[in-house]
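The structure that follows is given in the form of structure tokens.
Chain naming follows the written order as A, B, C and D, and within any one chain the residues start at number 1.
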């Protein structure tokens, strides 16, 4: 394998990993920008979406129906989560809502252990599109290709939604100035519920892609992606949706090339490196690498 | 009577900000509330707008109570508060800011017509529709804020310190717009530190001090009152 | 009430407490002793977290990182020399022959945790609110990754085992009493008042001459010191330290204990740590009875959610225990 | 308010203290089972508990032991050392004859010292670190073979039977088991004259191994085999991604592969040309009954090899109780140490004098098209020191 081919192969790895991070991060950032809530339970929506898809598929639904229904279940779970756990806490200290989201994680993960059992389960429902695509000496797994294309499509749709629709503009307005947006008559609950719903849909979809790549699901699967998405959100300037996307890709690339370029003895330090990066960004560029001036006052 | 406030009491935690104030606004009137900093003017307005919940008292709008309604429902009923400090959406464009003012409305065609109308009131904004709100000058931001409030087509427009921190030329411009609105028949509740200008334009006025209404009457009466003169009109 | 009499009550209460400890160590079975030890360690952890998070208001999710540091320091110090030589080749040579007792191990564990807190604090304490929370969570993960990867000093994922079981109820209860006393004294001192002032209003406090960054760092470092000691006690109680032991579950547990007890209340932290230790054991018993494993954590999470929704200030708010209040319900002499 | 709460807590505490200090009956033989039924280890330990339950049912259906029924006292360690150290005391307080359970070395190290102090034997059902018995003491027994034995068997099989002269190693850095396995493998493979091209690592919970695999692909000369040291939860994903990226080199590994997940996650096409060492071939005659009964009792076949290990460990203890003709922990310990020729599902167990790691033969399984095929049963000729 030539070094250029090697580089491109790693590039594709990073692109597809970054795409999933971006999908997860958008939901996290959307909710954060509106509520200043870091929702750790966001990752568990990936888990719930994946389990729902698998169960519906096992119950005999056609693949695509199962996927649509499963992703929808993830979205609805997000709405329920907001209604039961976060709405009663609206306006209380940031730390309290953060801790609440931790408690929700404990609740959902142990609930899943109880309900689905602790064991890893194979997730092969997309296996019929498994084979790889050979481009020259490059091998692209089709699931990667789908991930990248699907993510791009969603990103474009999201951008249009945020830019053009009243609801999208409302979300930005609420993120900008909560008080003023109430004064002009933006229905706050509807905007918050929408943000949770959309974010949770994306989480469900990311769960599908994540599980399809890994080929398995387990009750605790949501935690690592949400922590990573967290870092991605910080890289992009917490709360900014374009930033979330860029942060997701930057993190994907950083992780892949960290492992690719460093000797094995240091590969284990990957996550430490990721978090050192996070702390440095928080300190030096708290507005994220996008650096929009408007983000600064968030800190 | 479009707005009737009775014995309103508001608390911030344990601190009482309003000690039972009462006032009313008739349809088509322009009413001003004057008072010094911290007297409770903004608190009163935010309570009417539904952002603060009253401890005691009643707020009646067109005969029905609004004190338990959320802010967005109050806007839909026809009250629009243009807040102190403008609070425009700085990362949204001027056009988007205006659209947000009409977020409760569904009549797209009329909204577009109203954007034109607001732009005719504030021609300065015309060339900046795609500019981010945060990049506007202070005066333009104030115009945008008023314009945004007008976009909900309110029956009662509440303006909180619209002239604060503006150059005299701009103050004139703002008050001219208020006069236009008044002539068009909009009911306006105006809170101002610039009491002289406020009393010039208003039909009636109230004086608020440390959370209580201490004086009320027609603008002419207040303008000629010695206490008002010495405290708010610079002797 | 006369202050001398209050001191008298306090000494009597302490006497009773240590009598209880004596009875438990002499006659209690190992299970109750174990629960008692863990209870005391949780008291230390919760009270010291309360100093930095509750009283000082630093949103820290990284506290358990200091516990990990303390536990590893103590483990390395108390590990039998033969094993040290075989496993920890990265240590300087002179350390291979050293095996300390618990007291020096505890103190050094606390000190090193404090030093790390000082260095980390200089950097991280510039952040506020959720961003501090994120950064400290990052610190926790970094500590775990280092513990997993620094093979020649921490033995990686395999952890350090065969540690002497030095820790007993006397050690843990004494350390808990010392921690409570120290944090209480800090809370009642001018430093404590400065901390509350900075927490309540940073700028206002600075304008009256309080050095806010310094006082935040102070609280962070002292809190890390006691947390490090708890880590040392834990290491020589359980007998094995591994990277996964000091992670999210423990982090969440002590934060919940602190919040439920009341952020800012030392009394609340003690009540809550004691109460939760018992509650968790009871829930475990319940879980065994119905054989639905995992339900205890679910109940635990629901209790916390209800608490934070309906009584966000916790059991005690920021009030403290006083003999005066006790006299109101129980007629003391 | 807070007073009421503290009084309530005191009351609850009292009730709780009373509730757990009931008298210990002598009409049953009690065996403690300590497993991580929740948390990160649950996917290994829950099947292990199921194995124990199956064994219990079979034993009691056949009349128990010493004329008494056998009773298990199960506690969840929650994959948390502090909880483990607590629940083990709780179980020991109930007068058990012996303890079993746990599939991870660190977890055993947290739980077993208390048993050692009380002189109650602990048979680790799943942990395979050969140095474990020496780290804890004479009460600790391994049911499975040590990692050094299976790694040596894998190395000898790779070198001699597969003709491999070079290897690329990928291992999980966060697990004791995976670290030791690759270390012993490299010791033995190097000792035979094989070359270790390079090593790469990952951590439990990772789901993306492409960066490591791509760096393997970039090597000038590819190795003859890949030795991938992984736990049961990751191996399927790794195999899938290795094969997805077009690498057809044979893969060799240890008993972590012994899970239906390998074939199911990777898919039958990818799960080919894989060789691993394990305790037992689940399709062989000796295990057929076990698999069927397990299926009958739990509604699904064994999740992984830990089910069989838990089953055997429990029967091993009951066998010792029978041999000792006593439920006294000391007698059971002596009988355990003297175990010879105990036939379990996972092989025949002998404890040589003074050694509490069984001398068991190693089964080598070949995976072809997702099917596990018994290859051979071996005893390595040379075993690296623990």
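By our rule, a residue touches a chain if its C-beta (ideal position, glycine included) is under 8 Å from a C-beta of that chain, and two chains touch if they have at least 3 such contacts.
Keep in mind the model is a prediction, meaning the values are calculated, not measured.
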From the Cα centroids, identify the chain that ends up most central relative to all protein Cα atoms.
A
So how far apart, in whole Å, are chain B and chain C when each is placed at the average of its C-alpha atoms?
53
Chain A to chain C: how many Å between their CA centres?
33
State, to the nearest whole Å, the distance from the C-alpha centre of chain A to the C-alpha centre of chain D.
35
Approximately how many whole Å separate the CA-defined centres of chain A and chain B?
42
Note: chain A residues in touch with at least two other chains are 110, 113, 268, 271
Shared-interface residues of chain B (touching two or more other chains) are none
List, in ascending order, every residue of chain D touching at least 2 other chains.
37-40, 173, 203
Going by the touch definition at the top, which pairs of chains touch each other?
A-B, A-C, A-D, C-D
Complex contact set, residues of chain C against chain A:
53, 59, 123-124, 126-131, 133-135, 137-139, 141-142, 145-146, 148-149, 248, 252, 255-256, 259, 292-295, 297-298, 300-302, 304-305, 308-309, 312
Chain D contacts chain C in the complex at 1-3, 5-6, 9, 12-13, 16-17, 19-21, 37-40, 74-76, 78-83, 85-87, 89-90, 92-93, 105-106, 109-110, 113-114, 117-118, 129, 135-136, 173-176, 179-180, 203
Show which residues of chain D lie in contact with chain A when the two form their complex.
37-40, 42-43, 46-47, 173, 198-203, 205-208, 210-212, 214-215, 217-218, 232-233, 236-237, 240-241, 244-246, 260-261, 264-267, 269, 303
Contact footprint of chain A on chain B as seen in their complex
49-51, 70-72, 74-76, 80-83, 87-92, 96, 99-101, 103-104, 134, 148-149, 151-152
Spell out the part of chain A that touches chain B in their complex, as residue ranges.
166, 169-170, 172-173, 176-177, 179-189, 292, 294
